[in-house]
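Labels A, B, C, D and E are assigned to the chains in the order they are written; within every chain, residues are numbered from 1.
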Amino acid sequence: MVENPNNIEINPGDFAPLDKQAGPDKEKIAAPSLTFGQDVWRRLKANKTAFVSFIVLLLLFLMAFGGQALYHHDPNAQAPKYANLPPKIPGVNIHGLNGHITQSGQDVDAYKQAGASSSVHYVLGTDYLGRDLLARIMYGTRISLEIALIATLIDLTIGVGLGILSGWKGGRVDIFIQRIIEILSSIPSLVVMVLMATAFTKTGMASIIAALALINWTTMARLTRAQTLQLKNQDFILAARTLGESAPKIAWKHLLPNLSSVIIIQTMFTIPNAIFFEAFLSYIGIGISSPQASLGTLISDGQKNFQFLPYQMWYPAAVLIILMLAFNLLGDGLRDAFDPKSKR
Amino acid sequence: ACGSKSSSTSSSKQTANLTQNAELPTMDISKSTDVVSSNMLNNTNEGLYRIGKNGSITPGIAKATKVSNGGKTYTFTLRKNAKWSNGDKVTAHDFVYGWQRTVNPKTASQYAYLYSGIKNADQIVNGKKAVSTLGIKAEGDYKLVVTLDKPISYFKKLMGFVNFFPQNEKVVKKYGSKYGTTSSAMVYNGPYKMTGWTGTNLSWTLKKNNDYWDKKSVKMSSLKFQVVKDASTGLNLYNSNKVDDTILSSTQVKNYKTNKDYKVYKTASTFYIEMNRNDSNKTLAKAFKNKKIRQALSLAINRKEYVSSTLGDGSTVAKGYVSEDLAKNSKTGKDFTSDASVPSAVEYNQAKAKKLFKEGLKEIGETKLNIKLLSDDTDAGKKATEYIQGSWEKLPGLTVTNQNVPFKTRLSRSESGNFDTVISAWNADFTDPISFLSLFTSSNSYNNGKYSSSEYDSLINKANGSDANNTTARWNDMVKAEKQLMNDQGVIPIYQQATSHLTRTSLKGIIYNTAGSQYNYKYMSVK
Amino acid sequence: MATATFFLMKLMPGTPLQNEAKLTASEKASILAQYGLDKPVWLQYITYIVGIFHGSLGLSFQFSDQAVSYLIGSRMGPSMQLGAQALVVGVIFGIILGAIGAIKKDTWADRLATILSILGIAVPSFVLAILFQYYVGLKLGWFPVAGWSGFAYTVLPTLALAASPLAETARFIRTDMVDVLSSDYIELAKAKGLSKFGIVYHHALRNSLIPMVTLIGPLAAALMTGSMVVENIFSVPGIGEQFVKSILVNDYPTIMGVTIFYSALLCVLLLLTDIVYGIIDPRIRLSGNGD
Amino acid sequence: MENPENVIEVRNLEINFHTYAGEVKAIRDVSFDLRKGETLAIVGESGSGKSVTTRSLMGLLAPNAEIKKGSIMFHGDDIIKKSEKEMQHIRGKDIAMIFQDPMTSLDPTMRIGMQIAEPLMKHKGLKKKEAIAQALEMLKLVGITNPEGRINDYPYQFSGGMRQRIVIAIALVCYPEVLIADEPTTALDVTIQAQILDLMKDLQNRIDTSIIFITHDLGVVAGMADRVAVMYAGKIVEYGTVDEIFFNPQHPYTWGLLNSMPTLDTEGGSLSAIPGTPPDLLDPPVGDAFAARSDYAMKIDTQQEPPFFKVSDTHYAATWLLHPDAPKVTPPAEIVRRQQKFAAMQKPEAPIKSDTKE
Amino acid sequence: MPDERKKILEVHHLKQYFNVGKKDEVRAVDDVSFDIYEGETFGLVGESGSGKTTCGRAIIRLYDPTDGEIIFNGKDISKLKGKKEMHEFRREMQMIFQDPYASLNPRMKVKDIVAEGIDIHGLAKDDADRTKQVEDLLETVGLNKDHSSRYPHEFSGGQRQRIGIARALAVEPKFIIADEPISALDVSIQAQVVNLMKELQVKQNLTYLFIAHDLSMVKYISDRIGVMHYGKILEIGPADEVYGHPLHDYTKSLISAVPVPDPEFERNRKQVAYDETAEMDGKKRRMVEIAPGHFVRAAEDEVAMYTQRAVDAGLITE
């Protein structure tokens, strides 16, 4: 607290009135201009777990959809002679990766046993028909992801559409849609899925996707409805209405962009959910049919031999678990990143 | 870790823990269709005979049997000391009642067709005649007369089949629709009686039946059963000494093949491929009528490799269409399959296959074939289609599409001829080759591929008719028929099913047969 | 609901014939008549719906002469016990894990709790069950490998089942509690000088736990899913295990019955949680309808 | 303690927040005292640092806050140096706080009796029963009608005004020496606001606490405060007794504030706004932070931070306008009017010329 | 005197109920009548929940009124038919919102927010024209064109409120409903917005319905004031009269509670209590013109009392 500021050096002219034009801008905004997307991206990058998950997912997608370009092995090529060979990576001599396996309590060289020449090696081993497990895992991941993505896309469309409709229209439309959702969600989702999958005489991607989509949209619809109800009375929506904007336009220009965070976050949870359910269906025997493979069928095939050929379950299971972890963690991260409360 | 707690292997106790891989759906003799219920019924009840080792006929309720009227009349004298577990005596009336109940259309027994050949049975099943007209009569309490429409050479064997067991009318009436739905709503006249089955649960016990006429032969005091559907669970249970027997899956087999507990139980069940000669796809119909193509398809399959590396559950390469260990030549003691062997029909020779396929294609004027391979969506079905697809596609000009559908869809599609090729399986109901062979007569409704050979038809006719009472001639008829079918490559046999078990070596005296009532625990003991 | 199931089932290639491969057409017909399957579909439907109101769900195809309602009744016990145990274990540990995550937000403890809880969702229950059975049951020999005769037998299946409710609860509690912890009344509680524990115990936990009640329904539904494989693997005579089997053998009266049973159960649970929620949340207890 | 009258002495407080965009210099060298029994009002624009200042007294800063410098002496102890445990003993007992929004500051799931009793149980070690009994007394004191009947009610059963009374009851239940009220009436209607303010004054008289009252409503300040501190951009720019601030303001920002509020007598057209927006504290301007918006800005304002110039023993202002070399300026008309009134009020004593310094 | 001017808006017996027929029926606006003259500012004050917002929204047809007439420019807009009429009406009447944070779509750029009305009503010839109009509008409200490509969250409250005003102005309305446009703003910023609104009123000949609960500001900006309580208007009159000589007890109480930035005044302030049960005695009440242009909601037997008050206050001479 300076009572007598004599120690401050004053220069002549200091007390001249300030030229307003040259002076500091009084409407200046100091922070850099960030779009919403940039802002989210920045906060996502700051969240290490979520960011790592994002990278992991990126890699998994690359592996699933582009892996074949690097690893030219037909996932369906059989070599029954080489059935159930454990992983063997040339030059690595760790049990589990050197082609050795414990059989009847003894460590044996499975490759030698199968009469494979020294040039034969499968990085992740083979399955019961001697198919390359790595190729199959890449292929299975792709199928799993395709199923999940398509199903999610469908329930995104249905869920968001009906959610907005329900929330925006209110009244009877709302009640009707809510009833449908209630009924659908009062049946355990797996049961519906099982019913759907069995009702289609031929099990396959289409029926699984249909079953997944039928079930999952309710969550999405509920979330978008709740959010729409909130947004509907927000001043900026009212403003658009007073300007004479039509309902579909409002939905498109105002609701959707503001719903996007909810939708994206929910998608991050729907996708792994779909993958998981697909795996589940495959496990109980009504999943994808051969020779197509999904992570679920691979795990379910693998678990039968878990005690003796643990790698057959571990590797696809690991991919599944990593996928699920990554999606969930990314979802969590995005939720934080989108959350206005966690601003800054 | 649990070794010390082992409850079963101690010899003093005479108990064992066994597993089944499916639920017990019923204890109703008329309604039993599956392996589990037939095993349980076979050990808790008894018919006129009991099937012993190697399908032999051992004494049951019948003390003496007289065959007359050219093999069309059987007169059974029943033992007087046979009792039901509720104290009632087992009488001829129980047989009459039981049989009539089974053929009665109201009962809707799914095995009533086995009665075919017994007088009026077919008409009764189809509701055309009264139940009372069935060719079975009780003459007093201990004499039973059965009349047949035509001689049935394997009739005595049938009598060991559970659907021909007697039923206690009093008990059936007492429980009404609940009869046979729990262990207590049932009465037993066999070596054991069942307790602890609620009708839907997954475990129960067979206890020694003290009312059994031959109870002195029964050593075991109790057999505990537990349903374990998952093979790994079963193995874990076995390894933790909780059970004394478990069914192994293929990888498990690989690891336990050398174990002293390892046992293979063959089943009279053959897996084979049928080719649709009436295919709606005319090209394929033509192709399947071409013997070279059929042979090529057969030769292209490396059955040995499939059975050992892919399937690996103890199943064996099919020797032919009729399964091994089903029937033996009564003179030479040789198996039917070796008498009727046609090695070329089940051999693997890729070069020859390619050559024949090429020739065959040329003969029908095609260069390419696109075949759909149908099977069910079970594990075995999937493995088989995947493997065969792989093998067949090595034939130049052949592409294969797999179709794995639910079991019942597969059945209806094969029946309606809606397939190109289908992997089928047939289980014998009783231990006689005819159980297999009658399938491929031209008129048989299960001849899905429409194999048609007048020679084959007449051989089967002879075996069922004129040669029915002549064991040797009948045998030769059947051998010839099998050879005919195989030489024509009418179907492509792949493998004979078997199940691999781990069974404690201390369990002795379990009698196993490949068909019919497979397990007989009457003489079982723990050492 | 029943309607939807019924017609879906009609699309399935299911008949009660176990031995279909060996029956002639007329034999089949007479057996189908036994099950009333010879009648037109609409008549079957009416019969079925009328039956439901009389508590009858028809006869099982797989178990001859066994009423589906009896089947469900006798299989209910183990499933309920497992479900309840798993729910209790899952919810309690989930709450602990979630609370730790929220309180220690953005620390290693939080991350660990998060990863653990997501693992509960990420690892399929069948994988978990197999691992438990093999390692804990067989290798360590701590608990019976499979079967159903006494409490010890319930431990492993309960744990395998509990993973998913644990995970869901933990995530729910964490998110909710983070919200609660940043609310004004927690600020006020801090300003009162309450200790961290006091704040969490007296204010945060209660406010997070109340909405937790609404999660019970979905959790129970998830448990039903899990029970199907877990019961199968551990040979537990429960409904879930039976359901899977029924699907595989196309026993559609049972499939329908179990579906209806599950749905009814879920409805009852949802209703119950609604009521309980009304009772324990003071905000809606008296006003009748919350805002 | 420089002055035994002072309950709290804040010296040279500097607080920064770490954010993605950099350091937010929220509090920049703030010093003030709180005397026993007085009400100190802190006014200022949104974001000027009022809340941060007071929260630092409670030791309740956000985790990303960093106290760069300074001390907060409470009875001779530096609060900044206290551990969390020690702070817990001070909070609610010696220093209590009321928050802005009565609708959300009560735990919705706890009976209000218990919420009031909590601090008693914590700080006075009372049994639940005794604490509830005292809580009941407190409820009476804050003017809840039928307190016996309402002590077991939940917050949602009360109106906003009632809730704020309950919040006040919670704050005062331990008879704290210092009560910090962060905009306690902003969310309330004027009529309710008047009631709450009366209540606070009344209670202050009875239990003799010092109050730090935060608001940006100058009307409320006029009614409540003994002394006023005006904050701008993380600094106190002027402080003095309530009369000095309202009738003899010296800082152009204070002028602007007073000038932009219509009063009963304001005639149409004479309302004048402060142009522009407050500076971003991420990058506080050099010199006088208000310069950019001030009509009286001088060159030095953009170069050097103005020190505090003494106006009277109780009145200081940080503006170069008070420098002896600075040109004399005429404040806006409204301010001139106020200053005239002030002069009239000071008549009996020797008039103090506002623009002189010692 | 006032009758010579043109009435731009007449509200007759407006009723706006929510959840009609249900247990939780809310009579947010219950039989409200008032007129607004062209070019004036009509202030609506009242405590929270008294129905001010609802009244404003019913007038701009965000709600469908339960009952009553709203005549705008001679047309009963509560009975507007067809898209076209509605579209036209939407240009003439606009709204400024209370919460500067909620009233701008956070996912849109400022230029698109401002141009929304231009786009809807097709007011721009081409893109360049649109840009120019937006920049002009921004300048009108004291922002510069650099701001047009930023997002709302980057602005301070006052700036956002000015963007909201620019948006409303874009369609060149005649009538603007301002629902507490300043109550979320800082005191110093409030003045900016109020000044801007006054300035625009003169320049563009706007009429305002100005809703607020801050009485001093309402008095400052309004020509006439209506005082609302429990969905009803209790008193209407010229701003100075209502403020200086309130006739209704509620108005008196309200005004006595307003804090004034004058310590001396505050020290002597006496708050007048209001007994709201007096309103609920079930008597039939209507708006009675006690003094010229000064209405009070009164029962027949209360008219004399109010007239006496007016006489005492010197509003009329007996």
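Remarks
Everything below uses one rule, namely that contacts are C-beta pairs under 8 Å (C-beta built on N, C-alpha and C of every residue); 3 or more make two chains touch, one makes a residue touch a chain.
Just so we're clear, the structure is a prediction, and the values are computed from it rather than from any experiment.
Between chain B and chain D, the least number of touch steps comes to 2. Shared contact partners of chain D and chain E, listed by label, are A. Contact with chain C and chain D alike is made by A. Counting C-beta pairs in contact, the pair that comes out ahead of the other among B-C and A-E is B-C. Each chain gets a centre from the mean of its Cα atoms; the one farthest from the centre of chain D is B. Here the CA centre of chain C is 55 Å from the CA centre of chain E. Separating the centre of chain A from that of chain C, both taken as means of CA atoms, is a distance of 24 Å.
The mean-CA centres of chain A and chain B are about 49 angstrom from one another, to the nearest whole unit. If each chain is reduced to the centroid of its CA atoms, chain B and chain E end up 90 Å from each other.
Among the residues of chain C, those touching two or more other chains are numbered 13, 130, 134, 232, 250.
With touch defined as above, residues shared between interfaces to two or more other chains in chain E number as follows: 159. Those residues of chain B in touch with two or more other chains are numbered 232, 406, 409. Counting only pairs that meet the touch rule, the chains in contact are A-B, A-C, A-D, A-E, B-C, C-D, D-E.
Across the complex, chain C meets chain A through its residues 1, 5, 8-9, 11-13, 111, 114-115, 118-119, 121-124, 126-127, 130, 134, 175, 182, 221, 224-225, 228-229, 232, 243-244, 247-248, 250, 255, 258-259, 262-263, 266-267, 270. Those residues of chain C that touch chain D in the shared complex are 183-185, 187-196, 198, 202-203, 206-207, 210, 281-283, 286-287. In the complex of the two chains, the chain D residues touching chain A come out as 19-21, 31, 64, 275-277, 279-280, 282-283, 285, 291-293, 296-304, 307-310, 316, 320, 323, 325-327, 357-358. Across the interface of their complex, chain A is touched by residues 57, 60, 62, 86-87, 90-91, 93-95, 97-99, 102-108, 116-117, 120-121, 142-144, 147, 149-151, 154-155, 159, 164, 167-168, 171 of chain E. Residues of chain A touching chain C in their complex: 49, 183, 186-191, 194-196, 198-201, 272, 276, 279-280, 283-286, 299-300, 303, 306-307, 313, 317, 320-321, 323-325, 328-329, 332, 335, 341.
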